[in-house]
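Two complexes come next, and they have one chain in common, subunit A, joined by subunit B in the first and subunit C in the second.
Up next is the complex of A and B:
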């Protein structure tokens, strides 16, 4: 057994109910008594033996038949030791209360709110326990509970807020917003002794605002031009992908993951497919691994180019936007050639990829890589030393390394603060372990460093692709597992056995073993993780998406406080948020 | 000295000049990469995942055998198939009615993967904007018409050895060529 689990057992004989090590998948999990969760969490965070300083995710599951119905599942990562742990606590339906861990990890704030919103578990000691993805006045229950129908309650036409065609439109009159409704957005009132009258200004930004990169609403509390509190209001693009996935076979979820981070959809495919393969214990052919790495890095280039263009556009540099989209277009054309779509690609399959690289495609990709470094330098001549860009990004939205880890930030946002955490290095997957590349790290953790990190990542990505193209081995692109992967089309029509497998896989789906696993993948935005609980049926019992944009929004208030109102679009942009992923 | 150069660079807006040089050089080597869309059109690759279509054999008979696999594979319940026996041939089945609600389609191509007789294909058509979304609920005739105009080369229908293996027809490798 892992020494850490022994330590936990001897240290907390009453609080730790059970420990388990999944040797095959390399997962550690601990079950603790819910009331004593906080002391175990504090030990895990503080003790140098454990040092789980990074909060990855909080998830919940519903088992209606059990006596203790709900399970809250925490994922922590220890950056010094490089291990992950899963802490689980069970609560009953009558008393669904778990102590909040926001005092240990600040990033738990948004995650606990999400669990409260979707599963209805209360967190005692949470500073601001409100709904986050669903509307605040939503009173139909908690959607991820198993007794909540996936179709929702009631017909869409019965919603009274939808305008009806046969009725005259109601004239909207302005109304005063009561003070009680404003209170949630305000900071704590400061008692002022002077006779000078001060008043905070509440400014509503979004959801229809071009600089918020989607439908995000932020309520800013201003003192003059300074932001004193920024409350993000999420959920305008909530589609309930996690609930939807519970009703779909494993294979059918892949096109739905395309729609999470629609700027670079293949990385979502990759993250999901890897989790299912980890659950199944499936190994992938060498060529498929290389192809996956290549396309994932192409998507990273697309994602960072998109980010660079829009961030520069937000700040006022128009030319960069056109130039980055020019290069992006070349890659999108390659994807169109490869799998027939430009944005929602649906290219990955469980056990491999959909179609093979043709020599023509490899040639075009090589030609692109040859020109690409010159293009990066072109962007840099426009931005790197430009005084407007430097003034707008240097020392804006600074976050220290400790805070960044404590909030659970990942990806370029974390690396700009000087933390060399990259899933591709920590847990190498694909062909990342076989090629030579570096993790760029910033120093100050400001917007300029995040820009610099992403520019360096563009160079590293093209390095990885070039090496992968050189090493690209021959061979099959799909694993040989007839019970899981549909047989090739030509066999289906000739061979009785293949036909039977084909029918079974497409009608029933395959059945992975009972179990649960978390698998993290480095997406352009940060660590994109999928947590799947399988009950042995062809559909996931619970699928949780650890979306980096959502976690990053949790640190938004912390990073925006004290800056000018004109910096707010820079701060949005620096996370590279995509609301499709944030709201899921 | 370095301080002096920095000062000179500041007052002459050096970095802006460098940026303007890059921009103006693009003006000289002017090469548009955009297309005037409704007048000019891109050539789409063969594997393009556009509008779905039902295909026919070279003798004009429908390929679809009404097996419902596309309906089962679809992640967003686009397809509805009602299958029936071919009149006079009790061992053979066909799709009596076939509906696709294209407002919900994700264009993921799983139905095409699922079809055991390659009766479904994805075309290069994408200009399907309509004023009334009820027009996007397509029936079998409309889907066959899309297939007829997109796939002029049809798969050959073979002579069957036995009526029971009627739907195990040997398929093309992939899909037939599309009109370019």
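Up next is the complex of A and C:
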């Protein structure tokens, strides 16, 4: 057994109910008594033996038949030791209360709110336990509970809080919003000595705003142009992917993952199929691994180009946007050639990929890589050498390494603060372990460093692709696992065995073993993780998506306070936020 | 006809022609801007309306004309309607003192007229400065009267920005005035005749190159163009002070912005680059056609500045509010003041 689990057992004989090590998948999990969760959590965070300084995710599961119905599942990562742990706590339906761990990990704030919103588990000691993804006044219950029907609750007109379509909208002119509703967006009022009454201006940014990158709403409390509090209001694009997934066979979920981070759907596919493969214990052929790595890195380049263009546009540099989209177009054309789609690609398959690279594609990709470094320099001449750009990004939205880890930030946002955490290095997958590349690290954790890290990543990605193309082995592109992977159509028409497998897979779906696993993948925006609980049926019992955009929004207020309105748009940009992923 | 009557008819004709040319230039500018930006950004710009999209401004104008005119609930209707007019009128009125061509007189019905300037008043430049300040009221009132927080923030930013940068415009001009000894734009331009080394940018005894740079930067700020377009910063304040405006009222603000661009370009050309004077002494064309050459040179100089506006927009990101203020007061103002000091000493030591 893992020494850490032993330590936990001896240290907390009563609080720790059970420990488990999944040798095959490399997962550690601990079951603790819910009331004593906080002390175990504090030990895990503080003690140098454990040092789980990074909060990955908080998830919940519903087992309606069990006496202790709800399970809260925490995922922590120890950056010094490079190990992950899963902590689980059970609560009953009558008393669904778990102590909040926001005092240990600040990033737990939004994650606990999500669990409360979707599962109805309360967190005692949470500073601001409100709904986060569902509307504030949603009184239909908690959607991720198993007794909440996945088919929905009937017609639009059944919901009182939705405006009716058959009636003229009520004209709301000149209505002042009551002070009580505004309170959540305000800071604590400062006792002022002067008799003059001052009031901070509340500015509502979004959900329709040119710079919020989708349907994000932020309520800013402003003192002049300076931000005193920024409250993010999420959920405008919530469509219940996790709930949907519970009603779909494993294969059918892949197209839904495309629509999470719709700018980078390849990596979403990748993250999902990797988790299912980890659950199944499936190894995939080497050529498929290389192809996956190449397309994932192409997607990273696309994602970063998209980010660079929009961030520059937010700050007012128009031209960069069009230039980056010019290069993005080349790669999108290659994707189109590869799988017929440009945006929602649905290219990955469980056990491999959908189609093979053609020599023409490889050639065009090589040609792109040849020109690409010159293009990166072109962007840099417009930005890095521009004093206005540097002044707008340096020392803006600074986050220290400790805070960034504590908030659970990942990806370029974390690396810019000087933390060398990259899933591709820590837990190498695909072909990342076989090629030569570096993780760029920033120093100050400001917007400029995040910009610099991403620009370097563009270079590293093209390096990875070039090496992968050189090493690309021959062979099959899907694994040989007839019970899981549908046979080729030609075989189905000829031999009986293939026909049976085809029939079974497409009518019932394959059945992974009972179990649960978390698998992290380095998406362009950060660590994209999937947590799947399988009950042995062809559908996931529970699928949790650890979306980097959502976790990053948790640190928004922390990063925005004290800066100016103009900096808000740079902070949106610097997160590289995509609401499809954030709201799921 | 009486003398007054003839003069009135002549002046009205002049005004109509100048306004026509300015509005036509605005139309050309909207298209030119999109085309120039398009070329700089590796794309085509408008291509749909007419061959190569040349009729795009007409389509835009028609669209704006037929749009619904919306006054937001809770807006101050009077000020909301007044603001676009207050923005546009000062921008157009400034053209009254701009000399578009050589200062010669023609005789009509026995009276003397100056064909290339509507009114050569001896306080020309002061008159322009005074009226452009009124234009700021249009922006501030528009922002305030809209009853929208974004508009209000845009208006506030604009107030601060216009005050800071108008000061620099005024101070940058002082150097030229010291050398020319006149406030009349016609006289200032005339003093720069005889080759580009007589233009005040390069002229002896003290080249106004610093003043020129300060003037150009400040005038970009005064016209709310990138990188100083904070009052209408799209990504922050949606559209700033004209967020709530639509249809013709929006078009007025739009016209005002472009008319202002033309106006500041005309002033820059007249004060620093010798106005209608060619870069070489005298004229190439015969005496009777010399005015063609003068008008052409003036147009070329103005369009050079207008191109500069587009170029800046394609290249530079937007400044932040505090950086803008710091730049205006701590960098531009000292340069302008220093320029005045050195110029006055030079003008005293080398009197003309």
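Everything that follows uses one rule, which is that the second predicted complex is superposed on the first by the 567 of 584 C-alpha atoms of A that agree within 3 Å, B and C clash if a C-alpha of one lies under 4 Å from a C-alpha of the other, contacts with A are read in each partner's own complex, and residues count from 1 in each chain.
Just so we're on the same page, a contact is a pair of C-beta atoms (placed from the backbone, for glycine too) under 8 Å apart; a residue touches a chain by one contact, two chains touch by 3 or more.
Everything numeric here is computed off the predicted structure, so don't read it as measured data.
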Check: Superposed on subunit A, are subunit B and subunit C clashing or fitting side by side?
Finding: fit
Next item on the list: Examine A:315 and indicate which partner it touches, taking first as subunit B and second as subunit C; both and neither are also allowed.
Entry: second
Next item on the list: For A:490, decide between first (touching subunit B), second (touching subunit C), both and neither.
Entry: first
Next item on the list: For A:183, select first, second, both or neither according to whether it touches subunit B, subunit C, the two together, or no partner.
Entry: neither
Next item on the list: Pick one for A:23: touches subunit B only (first), subunit C only (second), both, or neither.
Entry: neither
Note to self: Taking the superposition on A as described, I'd like to know which of subunit B and subunit C A:503 touches: first, second, both or neither.
What the structure shows: first
Next item on the list: Measure off the angle at the C-alpha centre of subunit A toward the C-alpha centres of subunit B and subunit C in the combined model, and quote it in steps of 10°.
Entry: 80
Notebook entry, point to check: Given the touch rule stated above, what does A:386 touch, subunit B (first), subunit C (second), both, or neither?
Noted result: both
Notebook entry, point to check: With the two structures laid over each other on chain A, which partner does A:326 touch: subunit B (first), subunit C (second), both, or neither?
Noted result: both
Next item on the list: Please indicate which partner A:211 is in contact with in the superposed arrangement: first for subunit B, second for subunit C, both, or neither.
Entry: second
Margin query: Contacts for A:95 in the overlay, against subunit B (first) and subunit C (second): which applies, first, second, both or neither?
Written below: neither
Next item on the list: Report the closest approach of subunit B and subunit C over their C-alpha atoms in the superposed model, as a whole number of Å.
Entry: 5
Note to self: Shared contact residues on subunit A, subunit B side and subunit C side combined as an intersection?
What the structure shows: 319, 326, 382, 386
Notebook entry, point to check: Which residues of subunit A touch subunit B in the complex?
Noted result: 248, 251-256, 258, 319, 326, 329, 336-341, 344, 346, 355, 378, 381-382, 385-387, 486, 489-490, 492-494, 499, 502-503, 506-507
Checklist line | subunit B - residues contacting subunit A, complex | finding: 10, 15-16, 18-19, 21-23, 33, 44-45, 47-49, 67, 69, 72-75, 106-110, 113-114, 116-118, 122, 168-171, 173-174
Next item on the list: Note which residues of subunit A are touching subunit C in the complex, please.
Entry: 173-174, 201, 203-204, 209-211, 225, 312-319, 321-323, 326, 382-383, 386, 388-389, 391-392, 564-569
Check: Of all residues in subunit C, which touch subunit A in the complex?
Finding: 37, 40-43, 73-74, 149-150, 153, 226-227, 229-230, 233-238, 313-323
